[in-house]
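Got a structure for you, questions after.
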Amino acid sequence: MSRLRLLVLAASTRTGSYNAALAEFAARRIAATGADVTRTTLADFPVPLYDGDLQEEQGVPAGAHELAARIGDHDGVVIVSPEYNYSMPGNLKNLIDWVSRIKPWPTTGVNGLLMSASPGPVGGHRGLIALRVPLEGIGARLHPDMFSLAAADRAFTPEGDLADSALSARLDATVEAFLHVVEATKHYRREAVAA
Amino acid sequence: MSRLRLLVLAASTRTGSYNAALAEFAARRIAATGADVTRTTLADFPVPLYDGDLQEEQGVPAGAHELAARIGDHDGVVIVSPEYNYSMPGNLKNLIDWVSRIKPWPTTGVNGLLMSASPGPVGGHRGLIALRVPLEGIGARLHPDMFSLAAADRAFTPEGDLADSALSARLDATVEAFLHVVEATKHYRREAVAA
Amino acid sequence: MSRLRLLVLAASTRTGSYNAALAEFAARRIAATGADVTRTTLADFPVPLYDGDLQEEQGVPAGAHELAARIGDHDGVVIVSPEYNYSMPGNLKNLIDWVSRIKPWPTTGVNGLLMSASPGPVGGHRGLIALRVPLEGIGARLHPDMFSLAAADRAFTPEGDLADSALSARLDATVEAFLHVVEATKHYRREAVAA
Amino acid sequence: MSRLRLLVLAASTRTGSYNAALAEFAARRIAATGADVTRTTLADFPVPLYDGDLQEEQGVPAGAHELAARIGDHDGVVIVSPEYNYSMPGNLKNLIDWVSRIKPWPTTGVNGLLMSASPGPVGGHRGLIALRVPLEGIGARLHPDMFSLAAADRAFTPEGDLADSALSARLDATVEAFLHVVEATKHYRREAVAA
């Protein structure tokens, strides 16, 4: 059995981002299971604001093709995203809108796991609920369980671990269940893509 | 390899329901792949309106336990549901609310596929988008692709087939992709349930 | 200027319900502004589970007509609802489904304010977001601001007031902004209903 | 009574956009009621992709402040937006995310009406349902009725009118009901903003 390859995307571009911190912690926990992990952020996939005329003239931008290629190279994707105004961030949705213009969709049959972090009491869960709609709309198979980290400003140790061991164990359990499904279904995805 | 067992639930109780007709057609198409199919409707799982005091006094009603048992006997579930007021039907949500009171959730890790039918031009898709939230909230792994049948009042032949062969092929393709995932992940679900 | 008349509906049927407690507190705060307040709960509007055949045979049940009449007697409606499985309660949606069968909709142009309470850290806000869709679908004008009470198990004094004065002031401000709009638009609604 | 001032925002940047055509038609119909109408598109409010560090260094960009100023100059806003991937466009959400960083929110108490157009059978309604969440989250009072134009590629006459007179009358009725509420509540908004 070959090692699973997971892509982790931190959908935040702010220095000191709690979502970036959670993405980094999740990446280490996934790597600890024996999987290969690639860490990325939105900044690795630069795209302009979506514009139909721009697409007509110049095609889909390189940043969207780069994300499509990365998705193709991995067995599953973990997106760690903040919540903006009770919904998904516009900049992340904008990247999704560009990727959706690549046909066939590079996202069809791809297993995904969503996480979020927020200093507030809710943890970004409403943003993730909204984010599921376009991702599933372009064929991603999203894990039903999600990991939303509330009070993220007080959640991490200086080493970047989750200070609360129960929360950390909950993240591990979510990751483990997700990786089971990734392992089980990765070949079906390749068939689907080949079709 | 044992035959897959699929539960089809028509979430409509009206005589001449388009959703019931679509559920019947989908059941036949699934059976044609070699799977065992059990046909049910909401009427097979009678429950009262949810009431916390009633639960305290009498426990979760038999209809919800019956659905939980049916889910446990099958490898995947297909729900065919109308859209009411741009969202899911209250009576279906009420049944889900009762089932969610059974712990551990009988729905964790269960593969599901959603379909809808409507005489209008939209086909019930908005209702399905809303329905995903509580089902995924209690752990169901829902197929990202959904089958929404618009203009359902003119869609069926007298024999109950979809008259439009392109639509029928699209339903078959959706079912096939779903059954691949059901086959691949059915064992992981059992581990999850055992844990 | 005649006194405003507000209908408060507690969408919970459990003894000791936090949502009923919040509804009672909100009713008192609204009454303190000089408005007339009518207190109701789901139990005042008994309806069966929605069934198209039942509607065909017996029409819309009395409970739904009773709610429609109550809405017609008041200038605005406050709904205080729990969140079930990250969405609206099925029993509340079921009542909405029945009311939506009354034509013209008794809800068109009616001003509404949504509140929720939960012992958890989120306060039921996700349920209210889902609840807006069908209510706006049948024409209700919902106040954009909502009041979600987290940690509701520790929120009330023995007298039933909110213990946290900042939270109580926030509820008052939300109510005041809502009543301004109710006062301003109540006549336009009557024109709409008359049309 | 002073004339109402309405801002119409076409949230599409494509040449030949159906949403721009619908925005233009709606602007003419609103003007025909005697209101002053300002036509804008996303291109009038250029902003970068949201970036917390960029905000820290350079503040909210001029394009977002320009939209805030335009909103302040008008009594109500009409947004005509396409649907991308079953949700709102990322570029529109990105502009909302920037505007939401201006405190106090320029959107609090602002009356809004949402429209959409699509060549498909659904008309963009799912995108509008998603768009309501962040707009209401920053205080906008959105009209419950929305105007979604399906089959938009065949909907317009060479003069840019809606060819179907029933559809055109439906748009007029929606606009009229909205303008009633704008007229009734415009002063309350100013109080709220002043507070």
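Chains here go by letter, A, B, C and D, matching the order in which they are written, and residues are numbered from 1 within each.
Definition applied: a residue touches a chain if its C-beta (ideal position, glycine included) is under 8 Å from a C-beta of that chain, and two chains touch if they have at least 3 such contacts.
In this text, all values refer to a predicted model and were calculated from it rather than measured experimentally.
Counted by C-beta pairs in contact, the busier of C-D and B-D is C-D.
A rotation of 180 degrees, rounded to the nearest 5, superposes the Cα atoms of subunit A on subunit C. Averaged C-alpha coordinates put the centre of subunit B at 37 Å from the centre of subunit D.
Between the CA-based centres of subunit C and subunit D the separation comes to 28 Å, rounded to the whole angstrom.
For subunit C, the set of residues touching two or more other chains reads 86, 129, 133, 137.
With chains as nodes and touching pairs as edges, the resulting graph is complete, every pair of chains being joined. Subunit A meets subunit D in the complex at residues 12-15, 17, 49-53, 84-97, 100, 126, 130, 133-134, 137-138.
Subunit D makes touch with subunit C in their complex at residues 109, 129, 132-133, 135-137, 139-145, 177, 180-181, 184-185, 187-188, 191-192.
Every residue of subunit D that touches subunit B in the complex is listed here, in rising order: 86, 121-122, 125-126, 129, 150.
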